[in-house]
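Working notes, beginning with the structure itself.
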Amino acid sequence: MIHRAQGRTPDQLRKVTIERNHTKHAEGSVLVSFGDTKVLCTASVLDKVPPHKKGSGEGWVTAEYGMLPRATHTRSDREAARGKQTGRTQEIQRLIGRSLRAVVDLKLLGEHTIQVDCDVIQADGGTRTASITGAYVALADAVSWMIAQKKIGQTPIKDAIAAISVGVVGGVPMLDLDYSEDSSCDTDMNVVMTGVGGFVEIQGTAEGTPFSVDELNALLGLAQKGIHELIAVQKLVLGE
Amino acid sequence: MIHRAQGRTPDQLRKVTIERNHTKHAEGSVLVSFGDTKVLCTASVLDKVPPHKKGSGEGWVTAEYGMLPRATHTRSDREAARGKQTGRTQEIQRLIGRSLRAVVDLKLLGEHTIQVDCDVIQADGGTRTASITGAYVALADAVSWMIAQKKIGQTPIKDAIAAISVGVVGGVPMLDLDYSEDSSCDTDMNVVMTGVGGFVEIQGTAEGTPFSVDELNALLGLAQKGIHELIAVQKLVLGE
Amino acid sequence: MIHRAQGRTPDQLRKVTIERNHTKHAEGSVLVSFGDTKVLCTASVLDKVPPHKKGSGEGWVTAEYGMLPRATHTRSDREAARGKQTGRTQEIQRLIGRSLRAVVDLKLLGEHTIQVDCDVIQADGGTRTASITGAYVALADAVSWMIAQKKIGQTPIKDAIAAISVGVVGGVPMLDLDYSEDSSCDTDMNVVMTGVGGFVEIQGTAEGTPFSVDELNALLGLAQKGIHELIAVQKLVLGE
Amino acid sequence: MIHRAQGRTPDQLRKVTIERNHTKHAEGSVLVSFGDTKVLCTASVLDKVPPHKKGSGEGWVTAEYGMLPRATHTRSDREAARGKQTGRTQEIQRLIGRSLRAVVDLKLLGEHTIQVDCDVIQADGGTRTASITGAYVALADAVSWMIAQKKIGQTPIKDAIAAISVGVVGGVPMLDLDYSEDSSCDTDMNVVMTGVGGFVEIQGTAEGTPFSVDELNALLGLAQKGIHELIAVQKLVLGE
Amino acid sequence: MIHRAQGRTPDQLRKVTIERNHTKHAEGSVLVSFGDTKVLCTASVLDKVPPHKKGSGEGWVTAEYGMLPRATHTRSDREAARGKQTGRTQEIQRLIGRSLRAVVDLKLLGEHTIQVDCDVIQADGGTRTASITGAYVALADAVSWMIAQKKIGQTPIKDAIAAISVGVVGGVPMLDLDYSEDSSCDTDMNVVMTGVGGFVEIQGTAEGTPFSVDELNALLGLAQKGIHELIAVQKLVLGE
Amino acid sequence: MIHRAQGRTPDQLRKVTIERNHTKHAEGSVLVSFGDTKVLCTASVLDKVPPHKKGSGEGWVTAEYGMLPRATHTRSDREAARGKQTGRTQEIQRLIGRSLRAVVDLKLLGEHTIQVDCDVIQADGGTRTASITGAYVALADAVSWMIAQKKIGQTPIKDAIAAISVGVVGGVPMLDLDYSEDSSCDTDMNVVMTGVGGFVEIQGTAEGTPFSVDELNALLGLAQKGIHELIAVQKLVLGE
């Protein structure tokens, strides 16, 4: 029998907190914690769009992801000093951007860009899922600011979105893996879902033994439960 | 009712060919075609390992991916001239490397690296799945060469591996999307499986409407069928 | 007569807080605030030294500086995405490193590196002076950790060090400029001093009218007062 | 007496083949082989010109060159992964571009760019000369496409162009060096000529002993013979 | 008692020469020598301004700094080959640009840029101060050329500007340190002043023991003397 | 009839000067002028060799080339600021290195590297040929220094080497083209020869009309004459 830290059951999320207005300049600024994983998500509103959207009447939502050098157990090189972002960073920021765009009507956004930055202050597994979950709240705040500023007339947000990791650890499907669980799991899966329960992204990887359809379904069941709870937290902090 | 090019049924692969020994220098060299998608996969054997494997007694398998500038409908910038690889390129080459490592026993490989290069000569959708499918054959040829050269005593390959894309196009789950299908699909999923039928990677993305568990299961069923057929082709060309 | 925000007098610091153990992985981790300027300073202990110190028996202390993209009023490009650090970033991180080395006996440090990272979470003027002031506390914590781990036998820290900005705003010499004061000042000066009151760095720039010896002396007097107070805060939080 | 592979005489070309329409997207797409050297040459028509030609009424022809990592005996680093093109690559692509422009009337091309990509699939010496020879055919096909599309009214091509290497190997002047000959030759020369027999480029390098005017003239004579034959092949495949 | 090379007294400049029209293409071209330190300063007039000045009616003055690889005792890597400028280079070129802008009325310059390049031909300490001192003369020549060309109606130069290093060497405050003095000094300070005697920049660093207000004042007194003499040389060569 | 500047005849070199010991740190330091083209060539002796020569007992000679930003009529971007060297720069520095290696016995050089830097102070055509011609003298001085230092026992220099440009301008073959001649010529050729009169490099390019064998021979005759004269100047300044 696997013992999880803090006596968590296999289907239990870590303590999740979402703090709005964490910094003062951004139109949306959220500090999200999944246990010891802490990510600062800011949403910046820009009155311009990337070239492929110019003149289209549509807006754009995009994301960048970074990790402070000592967010991790041992220090990682600073990407700005190395002169390039790793493949992992690029993969994660593309995932965050796609996930957010899945719940935004780009036409209703008009020719504006919402640029989301997810910067990991402290890492303990699940930084990409915490980023998506927190980024949604920062996005919602930025949209409220745009409406208050009369930059747009109605919200382009179609639904909430959140993400969680699941995995098979020591043969047991588990929800919301921390770093030590993630390092030792057989299968690792990140799931992104909307408020109404549709899948937006499923990324599952067998680190050791390949997984079966049954394991997949068990993991997806856990993920649905976790995301349901995360979206409840989002609604609570947004006062919806 | 959707009409597919060449009168394909929704659960039908495009014409798949795998040509071994396509170029003469590499230890494994395969030209794989999924319809009009053509990828040259070479496997190079290096008598060294990356730093994190030095002195471990284990080997490494890694992959790089590239696309010739005019493999696509309109010319793309050459990554070497731009001075960096796109996020998409990095994501794909990480996927190929992970997939191949899933079926290789790195201990049996000894301190050697098999470096796989997948270069897209012509693109028509499914370049990453064709790459994985062809790369496996190039890998197998490189391993045979190593055994013949007495660099290793037995094969480190534990199982075959192949990949296919599936997606929901116009409401219909379909196998092996070509470029025009991929551009218009609601959900796009890449699936990597082993010969015995375990999942190694599932990457599903809703481009439009989020997808449900039922759609997911339909897509996975199609993928299992397709990969079963691809692995049969691999065995055939390898003379197994 | 100039009115400062929060009714500050010209010779008054903003509210200064230094929070130790802000994140859990680093050997020293400090969140320093000078008013609305907030910088996370981590100190990482590495058991290696840069090439120019190899075999010398001496250690090294170095610093990197970064700013989260939306730490500022409008979003700045992410340096990791641009692929290089700006001249301003490099100038600041060189200053932080030099300042810290001024109070460390590299011989007593042995062949270890203390790598300090200063990442600006929120910027409102004075990010480099807050960085130096906070970095000293993170450094002290890392040194305590090294002693506890028996990596070194005695502290290599010779004195405390702190920094403050001063400037002439609307003709009045002022201490600890916030962003709006910094943007409108005639002369801007950053001063780094040790606990016993020696100057380690003075960097003064006339943005408008050149400044005189008298103005310089008035500014240095203010800086001495401010640094005296900052060092008192450092001692307090370190329990000295 | 030197024995050449396949029993070639010193003044004999390797087997030359030029296959048009090798890939389907490019306006011109040619696979050229000089023996085991195989280069894919595509010509892409762009409705824009580089800055120095904007508003001039003239077009531009330019080339990029690349080598697949395992086109060579041992794997070379991928230039896209290294983040820059080598000096050799830049030298070759500048040569290809200059050679093609020598036979194109840029005024008749109008404000269009023909972008030629030469990618070496398999290398066995003479990749730059095969590239120029094949690129001319791809260019001719792209021009025919432009005329068919009524982008231009008449051909801007003034003459054919081809290239060959010659060298002194073991004291004997030889035509069309393969890799092993090229590696051991004293003098290596690349010659580019037009259909009417004028020189466009001569690049001769003494790798060992400097060469004399007599050797130079012997080499140029061989080159003239070889280019004459190459231009005959070009005409044949173009149906001229 | 410290002996300086060439029997210099502590308050004595090295031999200073400023040669105008050193090269023929630039609008201003000056070779400045402070003893064995030799810097070529060219000023180029461009009929455009950087983006932040477009449409403002104001011009810009900016500087770049470089060092030939063997200007130094041992060869340094060529920055163009390394692919980036060091932090030191960026710090120096930012200092030169700021210093020159301090004496130029950007409104009177109109929408032109004066681009100054300071390239160190031979280094023996004080390259940044020689650069600023020489760059002013090159700037003055470029401005004269602009007036002669009727690009501007009156000079935008408000005052002369020059720079000198001072430092405490072996306990003695000294003017204009050469390389060996600079390498062994306790405190090193670069001072930039205008013709009327105002400070534009003071950058002082304690390399060893921190310095006191008294030492600072002694150094500033030396710097004032040195800059007074440098500005006399500037006026002489400019025929003012 | 073409009039050349300064009344030069078609077969006449510009005024050539070679000044040794131009700067003080390098083991060889030469300022070479071909008319208004001025290049500083330094030769640095390093007690190490590049990886491909390690343990071979042989040395290496290599070259880098640069141009000061305002060496030219209009300012060029600084390559260090752009972050990469142009294709032209790389082509030239490869040519210089190859040319020098043609006259050095790498075995006699032992495991040392002579690193030559050619930096163009002022450009007026022929910078690469002036670079090679001057670099030879810097190399000779560096070799003398090595012998004096007893780093090597005998000279590894086998012969002198020099280079000149020739071209067809207005139908007339001419020697040593200046910038205006080079810009308007039909054919441009750079020739590198040894003291005994062997060719090391011939690089001829038809800028307009292709050239014939007769023109080629006329140009080579001119080049032989010019190089003969250049080598006489080299011998004179080296006191041979």
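Observations
Going by the order they are written in, the chains are A, B, C, D, E and F; count residues from 1 in each one.
As a working rule, a contact is a pair of C-beta atoms (placed from the backbone, for glycine too) under 8 Å apart; a residue touches a chain by one contact, two chains touch by 3 or more.
The structure presented is a predicted model; accordingly, all values stated were derived computationally and were not measured.
If you take chain B and chain C together, the chains in touch with both are A.
Under the contact definition stated at the top, the chains bordering both chain C and chain F are E. When you average the Cα atoms of each chain and compare centres, the chain farthest from chain A turns out to be F.
Both copies, chain A and chain B, contribute mostly matching positions to the interface they share, with over half of the numbers common to the two. For the copy pair chain E and chain F, the superposing rotation over Cα atoms measures out at 180 degrees to the nearest 5. Annotation: 51 Å between the Cα-based centres of chain A and chain E. Annotation: 59 Å between the Cα-based centres of chain B and chain E.
Chain B and chain D, compared by their mean Cα positions, are separated by 33 Å. With touch defined as above, residues shared between interfaces to two or more other chains in chain E number as follows: 83-84. The cyclic arrangement of chains, taken from chain B and going next to chain D, is B, D, F, E, C, A. Within the complex, the chain B residues that touch chain D are 23-26, 29, 36, 38, 40, 42, 44, 46, 64, 66, 68-75, 78-81, 83-85, 89, 115, 117, 119, 121-123.
Within the complex formed with chain F, the chain D residues making contact are 84, 86-88, 90-91, 93-94, 98, 102, 189, 193-194, 196, 198-206, 209-213, 216-217, 220.
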